[in-house]
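The structure is given below, and queries will be raised subsequently.
Every chain is named by a letter (A, B, C, D, E and F) in the order it is written, and numbering of its residues begins at 1.
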Amino acid sequence: MAKPATASAPKTLPVSRFPVPKLQDMPDDIRTRIEAVQEKSGFIPNVFLVLAHRPDEFRAFMAYHDALMDKEGGLTKAEREMIVVATSAANQCQYCVIAHGAILRIRAKNPLIADQVAINYRKADITPRQRAMLDFAMKVALEAHTVGEEDFAGLRRHDFTDEDVWDVGAIAAFFALSNRMANLTAMRPNDEFYKLAR
Amino acid sequence: MAKPATASAPKTLPVSRFPVPKLQDMPDDIRTRIEAVQEKSGFIPNVFLVLAHRPDEFRAFMAYHDALMDKEGGLTKAEREMIVVATSAANQCQYCVIAHGAILRIRAKNPLIADQVAINYRKADITPRQRAMLDFAMKVALEAHTVGEEDFAGLRRHDFTDEDVWDVGAIAAFFALSNRMANLTAMRPNDEFYKLAR
Amino acid sequence: MAKPATASAPKTLPVSRFPVPKLQDMPDDIRTRIEAVQEKSGFIPNVFLVLAHRPDEFRAFMAYHDALMDKEGGLTKAEREMIVVATSAANQCQYCVIAHGAILRIRAKNPLIADQVAINYRKADITPRQRAMLDFAMKVALEAHTVGEEDFAGLRRHDFTDEDVWDVGAIAAFFALSNRMANLTAMRPNDEFYKLAR
Amino acid sequence: MAKPATASAPKTLPVSRFPVPKLQDMPDDIRTRIEAVQEKSGFIPNVFLVLAHRPDEFRAFMAYHDALMDKEGGLTKAEREMIVVATSAANQCQYCVIAHGAILRIRAKNPLIADQVAINYRKADITPRQRAMLDFAMKVALEAHTVGEEDFAGLRRHDFTDEDVWDVGAIAAFFALSNRMANLTAMRPNDEFYKLAR
Amino acid sequence: MAKPATASAPKTLPVSRFPVPKLQDMPDDIRTRIEAVQEKSGFIPNVFLVLAHRPDEFRAFMAYHDALMDKEGGLTKAEREMIVVATSAANQCQYCVIAHGAILRIRAKNPLIADQVAINYRKADITPRQRAMLDFAMKVALEAHTVGEEDFAGLRRHDFTDEDVWDVGAIAAFFALSNRMANLTAMRPNDEFYKLAR
Amino acid sequence: MAKPATASAPKTLPVSRFPVPKLQDMPDDIRTRIEAVQEKSGFIPNVFLVLAHRPDEFRAFMAYHDALMDKEGGLTKAEREMIVVATSAANQCQYCVIAHGAILRIRAKNPLIADQVAINYRKADITPRQRAMLDFAMKVALEAHTVGEEDFAGLRRHDFTDEDVWDVGAIAAFFALSNRMANLTAMRPNDEFYKLAR
């Protein structure tokens, strides 16, 4: 919050309000997972460093994430990332919009889609089925107490199975958690994400 | 949604919009955990049955829950449950308010506290420190994007450490997920919870 | 706001921010009414004591209440109480939710219904007709300026007469007043209400 | 909702969605009160006709109104009307803003004040004490659940006694009821009010 | 904010938070325009004086205003003013509601219409077509990001051409600017407007 | 709304819901201005094409824009663009966030700043003075009716002159108009903007 905007933010800005452990001080399983990501991506996404401050929560978070985002099913990987980007934008979560925006551009092979979905998904270059999916995801994100049978019926008309609807809702629900953790910890997105796949 | 209110709801109302597996069909680790809870509580809280439909998500959910709710730290167990009840009421989550309301009454040894916190925590019989804790938890639940250093400073004045603040925020964040899953699945609270510890 | 939550709230906590008159100092008609309630219920609901500070307002309040809640008509007494509980929860009114929650449990002979209606009436064990009634009551409570002919038409399809609709709307309107008075005066619910008819 | 805007609304537009009794069919006490108003004002304000459909509610409503608006105390009559106009505008209540706007102009001997208070009371020609009074009245009207000791303390600094604060809050609360009844019944303001005291 | 409400506001209250230039110090084109308005109306509406502090913005503002409000097309001049009054009331803009309310009364030859539209346009004496127009204008004013093809289709059913819809939306958009400038500058409506055409 | 997200959006997607004139059919002054922009930027930003459908509105819009964005004063050009990006994101305006995000990156010589300000300006790499500026701009954008002297006083403490405050507020006000026009017309951002200056 202290650096002038007229110069690139230096790499040394804090990535969390809380202490960030060093790689060598982390439990083996966590360090191993992080090193695998680093090898694949070329850098360590800050979410791993920030959450490693609490190893048990780290493990549960990553297990939940993988269960929802890496599974097979009626939603493509790009569609799962659309849900993340749209709902995280509604929650004003800088880390999730920027990091998952990059992943969405990669998954969708579309350099425009992430910004469109983040700013106003109603005007994004998406199909009517994807529009219905995002309308429902936003309902879960913002007013889940009003979800009712009519929502399930509407999604079935777009050929979503009930298992698909669980996926849509559960991704929105998981990032309700994730967005709040990122805003709580002031989790800083890595500079690398901004430009990926543009 | 179909039974008249003038008669006690029969026990056979569905507990989820989604399929609920039978105990004998669940993976061993999940069934074992559920049987342990059943032995301790005398009944199986429906959250276990509803989420067992997705074993990987079940495991991650329970691990996350335990990491936040069963740990030592600057918050009492009653205070952790207060956070759950206040934020779940704001999210209109029937399962979480009723089930965790019962747990809060037990933990606080106070038959009035759960209803007070659920309806308007500002008028509950709590200490000023607990009031500050709940104000912050509600901020994380409802507008986490506005959390800033001044919130941390305010909580330090009530003798919360930064680790305590992580706990408060993380519990609010985890139940942001939990409330949405309960509303998505139309998770029904067990009848047993309503009367516990009154 | 000052007592720790880990002990039952003592009976001596104030029931109002304002002075509360003694029974013997009240005008005869008010004292007589209160004694009748006390004889019937076994205790004096605090609303009587709190409002007795202003005898003229007390009399008008009770007359209005009785005109709406004790009359014959197309709504059962349980249904009238459902309207009170749902709208009072939306207004975060501790006194009304707890006191009328107890009355609702008694009238409906259902120990679960009050908590269900208070937390999220959309998931309560009620009929579709009752759901339509509560949807309308919430509209009057929260955005009465948008009420239009289409709302009346919708309620007629559920066999509500126009007189019934007046009742639904007027109860929601009267408790808009009542909820605000309770929050203004910090009216404390009697401990007795919490456990009644559970 | 059916007449073109380019011609004066004819006098025969309905004043209520509900049946309106004839003067001669009303109970004596109600007819007498209405005739007294008619004699004093030169016309019958429609609120009397609309609410006379329900005599018991009529009597309670008028008794409550008089108890709050005609009493002595720390608020001037103009100030009481300011509270009505500001909160009724927030509730988009056509009858109350137009009828009580006229009364406010008369009481304040100020032809501008009613429109100013209705549209944005923060920019009206009022004193800082009146501004504090209206800020609190709006809080009671719109979010009474957040009223706390700090509000009372703030008003004391402007020389409001606690009894004055009850008056401010109770007027806002009573018109919360009144506004909802007017919107429920589609109560039409008399044409006479628009031009009074301009 | 400093004058008591019990006396007419003196004419010397400031019309802007910012400096207001004297007529003789204004650029010729601006002074000429203002003198023409003064000759026609009998007074200088304060918006001209307040915005003249910034001549380039003044010129653009007036050009934009005239392009939208003085043109031919499918909307009557009264209808254009209805849009201004309804959206300006939603934005709590004192200057625009009072000044354009007067113009609306003149254009519609209806002394009641401006107050009706300002307080709750849903209950104003307007045609169903005008109601649809105002519903759309309010959508543009308050949540333009949700405008979609279904809105255009709905307006076509009321015989609005697409060019008419541009006009409705553009007027709502222009007064979104205008309302914000008036609230920023604390622009004071001239006393003359209040009583015009009543 | 019809193209799958898995392929780059083709260049032929419509840029407006309304007819877009050809360059050669535009009035000379408009065509000249557009050709100058095209020469400088290498492409024609769609806002010019979309608004050229209404030449008078086009001219007023551009004159207003230039009066606010190209002037000298206490705000840097980058700061002016920050105001545009932050308030346009709050209004979910795709065109303005994407086009002015590109301009902000160029003006600030900072490839990260636009996304940060758009998603959650409270966590952007900006100075406390810029944070205060954006807090005020958001207030003008979202609740200008609450702007008061205390806001001006707060900005003076950050060394903003009253003329600077006019600039901040007027830019937020102008883009309140601009955002609504873009959402009304479904104005499509040029593909070129997404990648500029990253």
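Here is the rule we use: a residue touches a chain if its C-beta (ideal position, glycine included) is under 8 Å from a C-beta of that chain, and two chains touch if they have at least 3 such contacts.
Model, not experiment: these values are computed from the prediction.
S.K.: Could you run down the chains that neighbour chain A and chain E together?
M.R.: Touches both chain A and chain E: C, F.
S.K.: Determine the set of chains touching chain B that also touch chain F.
M.R.: The common neighbours are A, D.
S.K.: Taking each chain's centre as the mean of its CA atoms, which one is farthest from the centre of chain A?
M.R.: Ranked by distance of C-alpha centres from chain A, the top chain is D.
S.K.: Taking each chain's centre as its mean C-alpha position, how far apart are chain C and chain E in Å?
M.R.: Spacing between the chain centres: roughly 43 Å.
S.K.: So, what's the distance in Å between the C-alpha centres of chain F and chain C?
M.R.: The answer is 50 Å.
S.K.: Which chain C residues sit where two or more other chains touch them?
M.R.: Expected reply: 92-93, 120, 145, 183.
S.K.: Which of line, ring, star, complete and other names the graph you get from chains that touch?
M.R.: Shape = other; not a path, cycle, star or full graph.
S.K.: Pairwise, which chains touch?
M.R.: A-B, A-C, A-E, A-F, B-C, B-D, B-F, C-D, C-E, D-E, D-F, E-F
S.K.: Which chain A residues qualify as touching chain B in the complex?
M.R.: Against chain B, chain A makes touches at 17-18, 53-54, 56-57, 59-61, 63-64, 66-68, 71, 91-93, 140-141, 144-145, 147, 152, 162, 166, 169-170, 172-174, 176-177, 179-181, 183-185.
S.K.: For chain D, which residues count as touching chain F in their complex?
M.R.: 120, 122
S.K.: Which positions of chain C touch chain B when the two form their complex?
M.R.: 1-9, 13, 76, 78-79, 82, 89, 92-94, 97-98, 108-113, 115-116, 118-120, 123-128, 130-131, 183, 186, 188, 191, 194-195, 198
S.K.: Can you list the chain A residues touching chain C in their complex?
M.R.: Chain A residues touching chain C: 145-146, 148.
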